[in-house]
Amino acid sequence: MSNKLMMKFINKPENITSELLDGYVKAYSDKVALASENIVVRAKPKDQSKVAIVTLGGSGHEPALSGFVGEGMLDCSVVGDIFAAPGAQRLFQALQLFKRDAGILLVVLNHSGDVMSANMASQLAEKAGIRVKRILTHDDISAGLETPEDDRRGLAGCIPLYKIIGAAAEEGKSLEEVYETGERFNQQVATLAVAMGSCTHPQSGETISELAKGEMEIGMGQHGEGGGGRQMLESADKTAEIMINQLTQKIQPQAGDKVLLYINGVGSTTLMELSIIFRKAHQVLTQAGVEVVDAKLDELLTVQEMAGFQMILGKLDADHVELLKNRRADTAYWTTI
Amino acid sequence: MSNKLMMKFINKPENITSELLDGYVKAYSDKVALASENIVVRAKPKDQSKVAIVTLGGSGHEPALSGFVGEGMLDCSVVGDIFAAPGAQRLFQALQLFKRDAGILLVVLNHSGDVMSANMASQLAEKAGIRVKRILTHDDISAGLETPEDDRRGLAGCIPLYKIIGAAAEEGKSLEEVYETGERFNQQVATLAVAMGSCTHPQSGETISELAKGEMEIGMGQHGEGGGGRQMLESADKTAEIMINQLTQKIQPQAGDKVLLYINGVGSTTLMELSIIFRKAHQVLTQAGVEVVDAKLDELLTVQEMAGFQMILGKLDADHVELLKNRRADTAYWTTI
Amino acid sequence: MDKITIQQFILMWKCALERAGERADEFSRLDAVTGDGDHGTAIVQALTSALAAAEKGNEYKAMLNDMGINVMMQTSGSTSTLIGGFLLGMSDYAAGTEMDGNQVRQMFKGGLEGVQKQTKAKKGDKTMMDALIPAVEAMLESGSDDICQLFSVAAIAAQQGANGTTGMKANFGRARNYGERSIGYADAGALSWACIFGAFNETLTGLS
Amino acid sequence: MDKITIQQFILMWKCALERAGERADEFSRLDAVTGDGDHGTAIVQALTSALAAAEKGNEYKAMLNDMGINVMMQTSGSTSTLIGGFLLGMSDYAAGTEMDGNQVRQMFKGGLEGVQKQTKAKKGDKTMMDALIPAVEAMLESGSDDICQLFSVAAIAAQQGANGTTGMKANFGRARNYGERSIGYADAGALSWACIFGAFNETLTGLS
């Protein structure tokens, strides 16, 4: 389309998704493969007797979602174009590939396009006799604590969910059991994002969500769509406090509860900063007697080169701790020994 | 110092290093701990009978270097301030901590400050009867293929080196053997960096290495110090070709040789782009009959929010492949099952 | 114009692709305000894959079905399901190689139903529905059986509907999260549908 | 001035910290051109930790040793080893609680040797050596035993040496990789050493 000068290492904008997937599966050929255009699967498939975990979503968020395909996590990620849900037919094609008596658990992040594709693909799957159950993630709390689930977006809280249900499926649990374990976690995880600065859509060259220098926006969405309120940039400690307080209001962890606390960098914000942010949020939780048993400082789900991060807080039941921490996972961007 | 408005999530600039290390060791408390100010060690120390691997370097490059402390890689990283070598006394303190009959292998990246600290600390260690051998890394080829080793900088090629010597030490190999294995790899690994855009020093607020929009610099150093030549931004494929060709000129891999090819993102360049770059470099190698047996697309050693990457090409002997791929490592940012 | 042949119908889509391509940057720019800045890319992709399937068609029903499936296979984002659903919905009411005015009306009504299977958005929610619903309503309400006339009223209604989105607050899609801040910008999807109906009308005006 | 007491010596370092603090941004900005933009931070840190140790001192030799060790413990970067090495080198030639002109000369010669254990950089390599070497040479060549006179010639030589780095091509440190492109900017470390010698001189001029 546009002929804007983009400060990105790409070739033709329309080939970005196919080229990046090609590079990715070549780099990690012992872990992943392309089953067909835009359908990423494990290099060594899981036994047919076990529940398959399938997800879908746009590209441009690397390593998410395809970076978590592999032993102990996802069986398949169906990839759309940059920031765009894959079409329903493509998803249906993947569901056909994973048709099995044990069933498929489909994880859908709550975004209009993904939900519409999932709805239509599910109708087609039902007609084709494919057994599919769905978890809809809606961890974003930026729309307000009382906002109904359907109106809350799915952010990076899906990543620990993949680990939990992936491990449960790997154990040979039934579709209902895997679903129940995952949905229970899904109900008790919350995410809040903050951004400063903008990013460039690598195909259109459009600048998404321009913020004035010195401004930040708490409640930013995953594609640069705003949501929360803009305010002047605060110190790391102040920002961390604002965010962890909103998250604990939602999750209400009690003294003695076990939680996960992840800081997901969305692009150009450094691990240096994520560590400083984590430090404060961890202090707040610890002072309240809440036990952080699982932590990550990493880029799990990104928004191109945007500056900012997502803070993820999840209450963990005993089985969740076990599945997250003590079950093997071997994917390109998440490994648990 | 400066009161510039910095678009970073930090608190007081002078506390950055201590706060980030505090956050990091709290997040990964099952893997790392602080033995003393700025000295990061394993949570569970390696047996005294085995060679200890110690390294040193400035902060601001997260996850490097401390992100690779843990089982199967580093025993200790001695951390300086942002982009700055730790003082010699601090390093000497760490060497005292790891004094053992089996000896210490000290990995020094070739930068003036690091080398000077290492020299002085080594003099002190010798007087104190501590057995230390040193590997000096100098993988940067931007100064030209014929440039003597001492005039070539150490870039992210140290990371696979840590894995190789870490695994060899874990096996119980002697100091001489670990050194030999590592130095052999050190002689056959080369790195080339490219940058576009600048980054901000998080303490001084200074903009480092400003490039005009639309320009890139091949041969950029690890702290924004330039080095190579500036040129107009090229496509991903063209850039990858220029770089892989220079690297193969240096490393001279032959058809049938096994190599590693890593693309290390230095800041705001996305995994999306790294994958596309990898794809082309991999094609060039494959067409020459060279076998890429180990690959990574990741941020291993960063330069704040700078846009760009380092391409690392290393020829692997059979023992290197084994140590890299088939020996367990369990650190925060590198895990091998 | 009494009847529309399959060749003429394909020309309409060709023109739609051309006009949308000319305005792709505008659509993306608008989508960048409250969304993710890719609607121009998405609509061009969708029309391209629809047309690719159409050009192999020789019978309305199967052709429209293939167009819908191809869009959902080749295209990404909300637009793939919305345009895909529209084409599949049209297919349910289509038949043969020529259609008269009443059949065209029914076919577009079916298209709207196909979209409504995918989204609960109504008029006033600041989505493409604000262009599509008035366009189809205008066709249904028009007394005329002249196909040119049908597309003429549809194009006008779609454009008016799209213009009206500027004053609205978004309730669906990515823009929803902007709430009040979405007011003051037209909806990208509504504008692109108005552009498509405009192109349909332009084609038929040129033919007759 | 015949002799310099330990209290007077500490005042010199206090003044050096103050003057370097005022120019820290300038040093960092200069270091940002061909290095990593932190020399201002580093030199202030080094002088701060040197001073902290000095203030606990009551005997030259031990005090200078503690100053050197503290710099290398608390400070980071090339500057920590270079200033640390300088202080340790001075310590080797220091003694008692008062020193005369000849002893001061020897002590600074020892400081230079301490730095030269750490780096092979010579005059003309565009480093801090371009200020430090001329300063110490001027002290050694000066016929006078007056301590004020010694620091006066040293300050002038250091500043001239630092000014001369602008025309040089860097052969050491981070700037080396810039090659020809480093010409046209003074070396940050040379300027900060000139600033330090300037402050030493300023202190003694004020005292006498």
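Going by the order they are written in, the chains are A, B, C and D; count residues from 1 in each one.
Rule of thumb we're sticking to: contacts are C-beta pairs under 8 Å (C-beta built on N, C-alpha and C of every residue); 3 or more make two chains touch, one makes a residue touch a chain.
Every value quoted in this text rests on a predicted model; they were computed, and no experiment measured them.
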Far-end chain from chain D, centres as C-alpha averages: C
Whole-Å gap separating chain A and chain B, where each centre is the average of the chain's CA atoms: 29
Whole-Å gap between the CA centroids of chain B and chain D: 32
Inter-centroid spacing, chain D versus chain A (mean Cα positions, whole Å): 54
Touching two or more other chains - residue numbers and ranges from chain B: none
Residues of chain D whose C-beta touches two or more other chains: none
Arrangement of touching chains [line / ring / star / complete / other]: line
Which chain pairs touch, all of them: A-B, A-C, B-D
List of chain A residues in touch with chain B within their complex: 5, 7-11, 16, 19-24, 26-28, 59-60, 62-63, 67, 196-197, 202, 213-214, 233, 235-237, 239, 261, 267-279, 282, 292, 295-299, 302, 304-305, 307, 309, 328, 330, 332-333, 335-337
Complex contacts: residues of chain D adjacent to chain B: 24-25, 28-29, 31-32, 34-38, 40-42, 44-45, 69, 71-82, 84-85, 117-119, 172-178, 181
Touching residues (chain side chain B, partner chain D) in the complex: 1-2, 58, 80-90, 93, 111-113, 116-117, 119-120, 142-143, 151, 153, 201, 203-204, 206-209, 219, 221, 223-227
